[in-house]
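First comes the structure, then the notes that go with it.
Letters A, B and C name the chains as they come in the text, with residue numbers starting at 1 for each one.
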Amino acid sequence: MEWKQSTVTIESSGGKSILITDQIIAACPDLRTIQVGILHLFLRHTSASLTINENADADVRRDLDMALHHIVPDRLNFRHTMEGRDDMPAHVKSSLMGVSLQIPVSEGRLMLGTWQGIYLCEHRSLGHSREIVCTLYGQT
Amino acid sequence: MEWKQSTVTIESSGGKSILITDQIIAACPDLRTIQVGILHLFLRHTSASLTINENADADVRRDLDMALHHIVPDRLNFRHTMEGRDDMPAHVKSSLMGVSLQIPVSEGRLMLGTWQGIYLCEHRSLGHSREIVCTLYGQT
Amino acid sequence: MEWKQSTVTIESSGGKSILITDQIIAACPDLRTIQVGILHLFLRHTSASLTINENADADVRRDLDMALHHIVPDRLNFRHTMEGRDDMPAHVKSSLMGVSLQIPVSEGRLMLGTWQGIYLCEHRSLGHSREIVCTLYGQT
């Protein structure tokens, strides 16, 4: 049984979802030593999120962000506005999408489906440095 | 410490949520050997989801699907439409609901609440074969 | 490798999100013995949820609940109404937000970000006793 934990910092892009699968795999070099296990990703922020979605067409990322803007409109009567009109919608989107992911590992590889990629979704209007804790555990 | 991983394929029903608790338990015969542990389920797709909800009244499943249709309407101005008008709403719903579940295990049984069941939610208009990776780990 | 499992019961507040970080830490005294690991929280209910969000301003909790009410309006044409008009919206919100959380542990502490707290969100109009299974595992 092996446990490896590391933190990776990724620069997000304001109001956008970006694909970070390659950066996560690069940050977890011990992945290849795990025969059966789990990779757990945890984003240490409350106005961004982690999700898994389609890894091929950039329009999916753009459409996801547009749909989230429809689902959580800025115009709602929010009280928590001291950090700007985009802050509270970002908190809501973060809870809807979630800040942690668990991906099964088999024979040294993430068991993502063919079309699955890992997204970092920035819900604030400006980009930020976002920390992700990667915890890898399983049988070597 | 024991690790067991298997993949189960379930035929989904177009635009519907179905209860799969019994199928998941049947796919994990080693569950009964785990004294304390976790069952992790991971759906390898981007237009369906896994969730936990009420296991008794089929109207809950029907109402959940209806509400998701309200929350993510097909009429939004999506660009990613090459696979049909139902594809991009399905991707959004998949990220809102999520594709992985972790359920605690105690004395050989899932610690689901009395009213909790495992749902496979198909967000495309047609049914598909959906693969779920079941990773069971814990103390025997 | 250590596994500890316990159940904590928390009284929720009708239609509100409350911060439960301190109660969860108090319910997991073995946390301090874990060098690298995971704390998994699982809510055994279908009309409430667990999420991570901003831990400082109570307006964030109030605004989150208001936004959820906008996203899942009571006026939708629900069939499952035998337990009241607030029941089915609560089921939908529970699936959108989720009932489980995984938080990485390092050197005896939860690796929450500076602004992250654990919320118990009650989606029914009245408060309830809500059971959370805490499963802690990792290297001592």
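Criterion: contacts are C-beta pairs under 8 Å (C-beta built on N, C-alpha and C of every residue); 3 or more make two chains touch, one makes a residue touch a chain.
It should be emphasised that the depicted structure is a prediction, and the values quoted were computed from it without experimental measurement.
J.: Give me the superposition rotation angle from chain A to chain C, based on Cα atoms, as a multiple of 5 degrees.
T.: It works out to 120 degrees.
J.: Can you check whether chain A and chain B touch via the same residue numbers (shared by over half) or via different ones?
T.: different
J.: Can you give the whole-Å distance between the Cα centres of chain A and chain B?
T.: 19
J.: Where in chain C do residues touch at least two different other chains?
T.: 1, 71, 96, 98, 102
J.: Along chain A, where are the residues that touch chain C in the complex?
T.: For chain A paired with chain C, touching residues are 1, 3-5, 40, 42, 44-46, 71-72, 76-80, 88-89, 91-92, 94-96, 98-100, 102, 131, 133, 135, 137.
J.: For the complex, which residues does chain B have touching chain C?
T.: Residues in contact with chain C: 1, 36-38, 51-54, 57, 59-60, 62-64, 66-68, 70-71, 96-98, 101-104, 106, 111-116, 119, 138-139.
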